[in-house]
Each structure stands twice: as C-alpha cells, then as structure tokens.
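So, here's a batch of structures to check.
The following pair of complexes shares a single chain, subunit A, combined with subunit B in the former and subunit C in the latter.
Our next item is the complex of A and B:
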C-alpha cells in the first residue's frame, strides 16, 4: 500500500503494542522511510541522549513505494541514533521484510524504551505480540531465523534479527533480514540488542491497496521498468557482475583503499574481483558465484549468491558453510580484502558469511581489522593483546579468525568490536583510524576521487558512499562525466547527489535505480501512489529538507563543523601510485563553498532562513 | 609501439586465450587510436563504455585521436555500475 496510514508503536519497557495514525502532514513533507522516520526520531528523542540507553528509539520504516509493483520497491530502513558515531543513523536494506511490514498493514514500527527481558516482536497483520526470546537469545541470526520458521511453520514469515555480535555490544552490529540482507551500517543492530529486542518476525496478507491513482501508477511503474531494462547498467551490468564489477575499475583509477588506506592500488584486486567470482575453480569446477538474486520486486537483481571452495581451509570441519549463501558485494570484498591485504576470495567469502550469520557490518569490520593490522605492524599491538593472533597484513587466517571472534564477542573480538576509532584511541594511535565521525570509510579513496572526500566529510552518518555517490559521475559518467581530480563544481555535485539520494531512499526505492532513473522517472511513480504534490522538483526539495533535518539532529547531538573532516592521511599523505600519484584530498577547497550553497553559516550550521525556507 | 590492453566484465571473452589477469601485451602502429583497438578486438563500439588510459578516462570524442604512447595501459569496460 502506498500509505496504510498506520504506525505500530511498541513500548518495550511497558510491553505494549499500540496502533496510531501516521502523521500525514509530515508524510507530505518528508515523503517516507528515511525522511519521515528521521522526522519522528528528531521529534521524539533528545538527540544528545546515550544511543544505547532506553531514551533512544529505533524505527523500522517503509516508504510509499515499499510493497508496491514499482521496481525495487521492497526497501525499508532502520533509523535511530548511532552508538558508533553519535549522529543520526539510517541503514537501508532490501530483501523481503519491508514489503511484509507494509502488507501487514503498517507504515512504520517505532520501538521505545527497553524490555526487562529479551523479547521478539511477532507481527501478523493487526496482531502484534511481544514474545519471550529465551529460545533465541544467544543464537546467531541464521539460527534465530530457522528456530522461528520452525516454530511458526510458515515459510513466508519474514524475519529481521540481531546476532551474537550485537548482544555482545559490537558497535557496528547490523539488523539482518532474510538471512543475508542487512541494515548494515552505523550500529543499528547494537541499538536493537540494547533494547533486549532480538528479532522482528512479520507476516502480512493484506495485499497492496490505497494507491492514489492506480491506472497512472501502473503506467508509471511499467515505464520505469522499461527504462531499467533498456539501460545497459541496470538491465545487464549489475545482474551479471553485481557491484563487484567495480573492483578492477576502482583499482585501475587508483582509488582502491589498500592496507588501511596507506596505498591506493591493490596488487591482488583481480583475484577478488567480480570477474574472479565467475571463474571455475580447480577443486569442483564451479565458480564462487552460483547465481544472482533480487530483493522484493526488483528487476535489476544485483545480489550475489555464492559458495566457498569445498577444499578451502575455512570450511574444512564446518559443513554448515558449504552451501549457497549471500556472496561478496564490492564493499565487503574491498573492506575484507584489499584493505587488509588479503587476496583469498574464499577467505573473504567465509568472513562475509560470518558477517551475515552474526550481523555485523563488513565495511566497519574490515576497516577495523586493517587498523589493527597497522597497529600490529608498528608494535602498538602485540600478540599479548590479541590473544596470540598474528594480525599481519595479507594474512587470510588472521582475517577469518578475527571474524570468528567478533561474531561471538570473545577475546580480542571485543576490542575489534569497538570499531576503528575507539580501537586506535585505546592503543594510542588515533591517527591510524580511517573514519569520519567515528564511522569507517567505504571503498573509494578520496585522493583519487575528490568529490567523495567532500561527500564523506559532510555525510550525516559518518563516512559513507550511499549519502552522495559522486563516483557515479566522477568515474562512471552517470549522469554526466566529471573530472575526478577537479575540485571545482564538486560542492554543487555533492549537494545534488545528497539531496536526490535522500529523496530516493525516502520513496522506498533502491538507490541503484539511479544508474538509469532520474527523479523525472521516479516522481510520476510516487505521485501516482500517494498524497502530496510530487514532482522531480518537489522531491529534490524534500531531499534537501531531509538533509537539513538530519544535520540539525547532529548539531543538537553535539557534532560541529570540526567533525566535517577527513583523517590526516588523506589530507596530507599523497597517493603513491596510479593516476592520483602525488595528490591529497583538497577538502579545504570545497567545504566553505559547500556550506555556502547549503545555506549554512561558515560553521556549518543551517541558518534560520534556510530552515524556514525548507520548513524543517 | 607496445601497449598493455585490458578488457573487463562481459568483454573479457574477447581477449585472446593467452591473456592473463584480463590483460595482454600488444604491438600497434605508432599512430594507433583507442578506436582502432576497439575495432581490432571486435568490441561493439557501444559496449566500450569506460575507456581508461593509464587509469585516466578517455573522453569518447578523443578516442579517434592518436593520443596513445609507447608503454601505455588501455583498459575497457562495458557499462558497469556498483556501490
């Protein structure tokens, strides 16, 4: 349904589940999902609260197109205050649970407080019940999923859960749904576990309705699917190699963060690339990639389903990992691979399986391991600290052992669960943490892609590629090619990407559609689905409103312009090889102009006029 | 002059069998252009989406110009995306 106009409010402290009407005034301003839930969060919690206290809320939110026939219309997000960054967190996931929440008749679920004992929410249409989690607390996400499916005997039950990593306080824990799709970043799973909420199991059979203009909606979504199918990226490229097509591209352009971002090209990139995932291996003649997969309603199907080489050391005595499961996306392959110097595709696949199985973000995990490897290399960490683990760059064994320890929060896994910033602080070398606002970088070195430096520094959830993916323009030429080494024009480019992405997320769509779609393709779908005057222009304006709302939340949480920066390594140490050789990121040339075009003060604070113009 | 020629993604099948790591060393005339190479390896021109010379983007308007130098690496992708 476009809007069911219903929110489920779950007070975990009191153990109550109450239906309430959706605030339609906010829905017509903030669209849905990321934007609308951020509005609820900003209105309902103190942004300065402790993220892991009962004062924080956690929201599972759908968009107006979630559950409809729009391509990729299965997305949902988890919105809360992040324990990793102290900033607003919004982690987006595909799979099937977003659609299920909508089909059960809900636009959002807001969790408040903290349950006195571990519980899970069982939601079947109007029937919402908090149940004891005694049988699943202490279990992995995969075990939890199996236990609940067996208990309810319903294969169509959709489950989002946290794993043992979150229970043990790993600060970058994810909420994993459908076993291998995740609201992965910023520690949203850690917040869920802190509330003693283990899982949300949903079954919805109400179907799709409430479309404002059904005929126009069918026309607009069919046309949208035609555009996706005819575009070479969304019609072919993403389905064939997935996001992993980028491994060789980004290495070739010299923007591949390598060994804790000391280098910008990885000699082993081709061994862990999308192309390598297609090559038959010696042992059984099969490729790492079994097939591609799609989230609900998606006609792109970028998902990777993989197996590990049956003769690989990681699964020698672990038959549970021998079958198909969620394979490497580019972000995971980079963070687990080039950033740790490991070029063993099967070891990376195994570590990725563990990230899904116990719910922790492979980007933050890989980046934290790589920081630990550098600390180990300079002697700031020794085997005394690591429990005997030889954390050497390039060691697949060290990587996979580290993954096993973080999954269960044992031994040195506790330290690794702190994330790169707190780990480097603890061992006396804060300069080795490659983070912004405490969140680890994704897979693009900003010395070789200047706009990404500004996008990282100003991202409202810390270092992130999905808040303003200027790689699309600077490297891939979509919608227009820009020079990755130029700083001129980048503040405008970053702002345009940030605002448009906020709107796409908030509609309930996957951002990968934007390799083919512009807001001109999306707006007719939204306008036909739901209330509000939705045009490409009004969606950009909503995106800008959302961006400023998130910024205001962060300022109220105590963040300042001083947090809009990059590690010194990226600002002062020039890239050593490749096309970016000799270059640093020129953030200082871009940031003042960015503040200005955003309508913010020189200190990065939205002015009263800007907030009034956007009616934030 | 000698060049290193690389093809990726769905174009890898167009490389000769002796290619390693998606790359092959080739000898070409000193005035060879990127378009000459695209045609020589039977790459449909619309599939040569991303053309990098030593990692730097070569604009479609410049692909017919003799701007390659001895020792260059030229790498070509069909339309690919990611995130």
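Our next item is the complex of A and C:
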C-alpha cells in the first residue's frame, strides 16, 4: 500500500475538484510520482497538443514513500508536456509540499483545462477549493507565500507557486515550493501559469499510513539511513559542501562547461565553489553559507542556506534580500557563474535568490545568458537589442541585471525568457545554442565525460543530468569506476542509470541517495511499504517501462531520432585544456548500440515487441 | 538515573525525522501534525529549532488538570496524560507556559511528550544528534566539555 489510493482531479475550466480512486493496476506497474503521473499524462492528453493550451494537463504527483520515514521521502514531481522542449516534462522537488499533499490524503493532483480567471487551489485534507488569485497574481513567489500564510493564519501551510516570470511567459519557469525548493526544469511553471493557476496551498493532517509491513519498513528504512550516514558523500560531503562539493572536482577533470561551453575549465571555479562559500568575508566576518538544511525526511541535508555580503552592490538598497535564503547548488553556481564567466560569489547568490523569488530555472537562465553573451561578443546582439545592457562574458552587473529583467519579463528579459534555442534562432545563430531538444545543458561537459553525451542526447526531457547521471560512475567511481573518455560500454551504462533513476524518481525518494544506495538498498524499503513484488530487478523493469513510456510520448509528440543529438560544438570542437584536451563527444559511436540494447529500431522507435515485453 | 531530552538547535537540519518518529510511535502513522515534538524553521535567520516538553519538576499542566489526568511517571519522571481520564477541557494547554501540551481534535484528548516510556523515538531517529536522551542532571555536559577544551588547554 503506502499509496493513499486517491487522486484529486481539478478541472480549471469548469472550476470543479473531484476525488477519484487511484488506478491500482497502473500503480503496481509504474509505482508513483514520475512513472505513474507520466502514465496518466500519456493516457489523458494528446502528446501533439500545444503545451500552453488548455489541452495540456499538469500533474503534481507524490511517490509511495513520500511522507514516510524513509530518508529523503518527501519528494514530489510536476509532470506535464513542456513548452520548452515539446517533450514530456517531469521536474522533481523536495522541500515540504510533497509530504503535505500526501498527508492531506492524496497521491496526486491532476489539473485540466484553463481557469477563466487567475485562481489558486486551497487544499485542506478532503476540502479542495479553487479561490480567486486576485490578491496574488502579479506577485512574486515569496510575496505569494507570505500573503497566503498571513491570510490563513497558518504557519504550517505549505505552498507551491509560480512567480512573475511564469506569468510573463518565460519558457523555463519553475514551480517553487517552500520559497526556495523548485520543480525547476523544462518550464513546468510556465504551463501552470498558462492555466491561470497561481498557487497550490496545502495543509494535511491525516498522516501517511497503509504501510504493508510496518515492522519490516522501519527495519529497512533504518538500515537505509545507516548506509547513507556511513557513505563519504551522503554522510559527510553533501552536508558540508552541498552539491557544490563538485565544483572543484569537475573543473579539475576538465568537464566544467565555460563561457557557453566554448571551454571546459573555468579559471574562477575556486571562487564560486562550495569551499569558497565557507570562507569568512571582510564586511561582516560571516561566510556565504549560514548552515545546511534538509528537505522533508532527508538525513543527507545538502541544502544551502546563505546570505549575500551586506556590502555587495546587488543589495545596496534592497533589504528584502538581506536575510538567509536558498543558496547556491552546484548547477546554479555553474550556470550562473562558470558558463557566463562570472566569478563573483555574491552576484551568483543574488541571481539565485531571484530565480527562487520569481520562479525560473537557474540552469536554463544562466545558459541562455551565456548564449546571449556569445551573440553579443560576435555582434549578433547589440545594446540596441538589449536595451543598453552590455552583455559581456564575466560581467556580474550584466548577469544580475538580466536576472532582474527575466524575473518580471520586461525589456530584454522577454528575449532571455525564450531560452537559448529560440534566442539564438531569433538572432540568426542557431549553432550557438547549447541545448538538446531545446533544453539547456547542465554542468558536465560531455567531451570529458563521454557517457554524459549519450545521456544528454537521449534524455526524454532534453539536456539533463538527472535522467542518467553517469558522472557517478565515470568520475566518482559509484557504483563502479569507468573510463570517462571511453565510449565502449557506455550505452549499457547510460541505459542502466536511466532505468534505475526512473524507478527512484517514481518512489518518492531523492536521486542523491544513489551516491550511496543502489536499488538493492531501495527495493526493500519499497517492498515493505507497497503491495506488489518489488525487488531490485522489478524496479529496473519498472524504470525501463517508464523510460519507454516517456519515449513513446515524445515520438507521438513529433520528436524523432534527429532530436537525439548534441550541438556541433560538442561533437566537432575539441576541448582546449585539461585532461580531456583534444576530445570531442563521440555520440555517433554510442547511439546505434544504445538504440539496439533498448530494443528500438535504428530510428530510435521502441518496437512493438519491446512495448509488449514491458507492457507499456 | 533520571534522563532528559537534550535539544541542540545548532545541530538541527529541519528534516522532521523526529516528528515522524514521534507520531509513528504514538499514533502508528507518519503524521507530523500529531507529533509531540515540533521543529521550527526560522527561514530568514537560517535556523532550525526542535522543541518539546521539558518535563517541568513543578508541572503547570499537572497542577491545572481538574480531573488529575496528568500524572508523574515514576520511572522516567515524565508527566503523562492518562487518556482514559482526560476530558479534553484543554486547561493544561492554557497552563503550560511553553505550549508543549496540545489538543488532538481527532481523539478529544490532549497529547504531550511522555518520553516514550524511557526510549524516546525522536532521539533515536535524529540523524544529527540534535536530540539526545541524557542524564537529566547533566544536560550541559557536552557544552561544558567543549568549553573546557577551549579554556583549559594543556600546557
């Protein structure tokens, strides 16, 4: 069990909220969260629909372990069709709203249609009400959070909202919960705003029960937490340095995309690293990092809680940014920093605050700014286009001004809100867009980590490190070390990571556990909680089923094998420095073999036999 | 030896494992809203603080109860609510200066920390030792040790 077995279906066009039973046949095949919601999406919408039309659905889904004592068991995902990629989108977030939805008695909330006027959903256990959003539309996520907490006089209310960026149509808008956790990628927030849905405010007091074998579950989760505590990364590194532990490591191996991925090492990396966040600053003697913080149920606690230097130019007349808020994670520090050539830690922290405050993805934003900087450098963009903004690589002022403009969708912020692909198309240089399927790259250069090139090219949501994090194996040696420059064996490695990750993302757990856990650690926890035969093998099979379901959705949406590629820069321009010097990504050597082991045609289409074998 | 819960907010990460452990131990379900221990997040200050009943020696709740539903546990020293006797009048929730006795609308009774009979589940579940169960007469021992280490160096 562990599922509440209830779905809330909200029809925004009609203004109705209706409870319905969870399809348990699907739940035992797709587990929950990413897998199960993807199944609902694929069954209920036309994959070819316009992502920003009422024909698209948006699903907020928990996993069976969400809201339980399993470490990291507080996750939820937002699943919809992406306006950025045209592919299926699934963005995962921690914080505290996933467990709250579950505690209110729901496995997932499906939003259909479009509200005639801006609304928010107030959900208190069984009581679901669509309320006028007049007082919060046009406000930032942070203001929305404060207004609703004050209105309901309930500090325990958990809120997920979209900011002004989403309202203004920024294509990589996020759904931000608890002020600084985000379902960040692929523009899921843009879809939410397109439905005139501003926020979801939840209070649940029912608790999460229905554990199949409670004693076995406590035993399995205690054992899981012991494994996390004893692992160097999950027990110590991530708590101390957060994901920012990776900044110096990845720079040293020469896989740090720099200045729109023209280079693979950033000379300023140490200044924006996790270690730099611990250094006391001159102005007030405090470090950028105040403390680490956990999401619900998480015993790793990688979250960064930071302040900006009180003397920094960005907050000179802005006391609202003087306090603590969500600090830099590795991806944000890379995208806002290395990729734009900016090594000013406080400027990056400020830009990151704005990404949270108004809900837009710092990866896509930073990558889009870096593409704009390259366009500016070659003269394809001028100050006439940018409203006077000197978009030079390395300019902290340009970065923070760009962040302010995207937050509210004004001036050149409108163009930046298009994302790298559409921006580069608009200004006549599509080759400068560092994207796959229209989504911007994360922080690992695939010239120095060959498997990641294949993982990016075949990711079902466009360029993404969280769909198959072979960095784990190729760089960190988890669970086994592979040669980052070799292409041999990488199709198998990528497939294994993709399938396992799909299962983890469907359970209600955080993928960061997999620095220490394998499915052998996770399966006993799922098996003790849920009906069905959950073993490491059956979870891999569920993961493969989910992967193929997503792939089929994308093909039905009109994507083809031609979309499984990388920008020419990564395939033809060799890395200039570092251990990967002289290397390009050899995607062509890996892709055919990948299709073959996936059971797909040479054109990347899952065969009828494959779909039947997995009962997709 | 009497033991007490020692709370060290500077070690807390706000994960709420304690709240789940508490509710599971007492209610058989993972439900932070029914937890006797609560973790507070002070977002702008970047602080987390767990808080629960300190088991006062002269317990206001116990003295305020009109039906003597709150009694001293002779083994652990905790002040326990006798569910069968409690009438849900909530006077104890008013009497407690710290807010650590609360009404449970589902049962019509009050709930408070009873140290789980001597094996507090919150302390076992805390991943950072922000909650420990230690000698009640020496809850300051760790802090004393830390300061002693600094102030009395070896020659």
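We take it that the second predicted complex is superposed on the first by the 615 of 616 C-alpha atoms of A that agree within 3 Å, B and C clash if a C-alpha of one lies under 4 Å from a C-alpha of the other, contacts with A are read in each partner's own complex, and residues count from 1 in each chain.
Simple rule for what comes next: a contact is a pair of C-beta atoms (placed from the backbone, for glycine too) under 8 Å apart; a residue touches a chain by one contact, two chains touch by 3 or more.
Quick caveat: nothing in here was measured; it's all calculated off a predicted structure.
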{"item": "Which of subunit B and subunit C A:98 touches, first, second, both or neither", "value": "neither"}
{"item": "Subunit B versus subunit C as contact partner of A:253, first or second or both or neither", "value": "first"}
{"item": "Contacts of A:205 with subunit B and subunit C, given as first, second, both or neither", "value": "second"}
{"item": "Which of subunit B and subunit C A:163 touches, first, second, both or neither", "value": "neither"}
{"item": "Subunit B versus subunit C as contact partner of A:225, first or second or both or neither", "value": "second"}
{"item": "Touching partner for A:245 - first (subunit B), second (subunit C), both, neither", "value": "first"}
{"item": "Contact residues common to both interfaces of subunit A (with subunit B and with subunit C)", "value": "none"}
{"item": "Parts of subunit C lying in touch with subunit A, wherever the complex brings them together", "value": "13-17, 20-21, 23-24, 27-34, 41, 43-48, 125, 127-128"}
{"item": "In the complex with subunit B, residue positions of subunit A that touch it", "value": "231-234, 236-238, 240-246, 248-249, 252-254, 270, 274-275, 330-331, 465-466, 469, 471-472, 475-478, 481, 484, 511-512, 515, 578-579"}
{"item": "Subunit C contact footprint on subunit A (complex, rising order)", "value": "67-69, 71, 96, 99, 103, 156, 179, 204-209, 214, 218, 225, 229, 239, 290-299, 301, 303, 305-307, 323-325"}
{"item": "Subunit A partner contacts - residues on subunit B that touch it in the complex", "value": "6, 8-10, 12, 21-22, 47, 49-50, 52, 54-57, 59, 75, 77-83"}
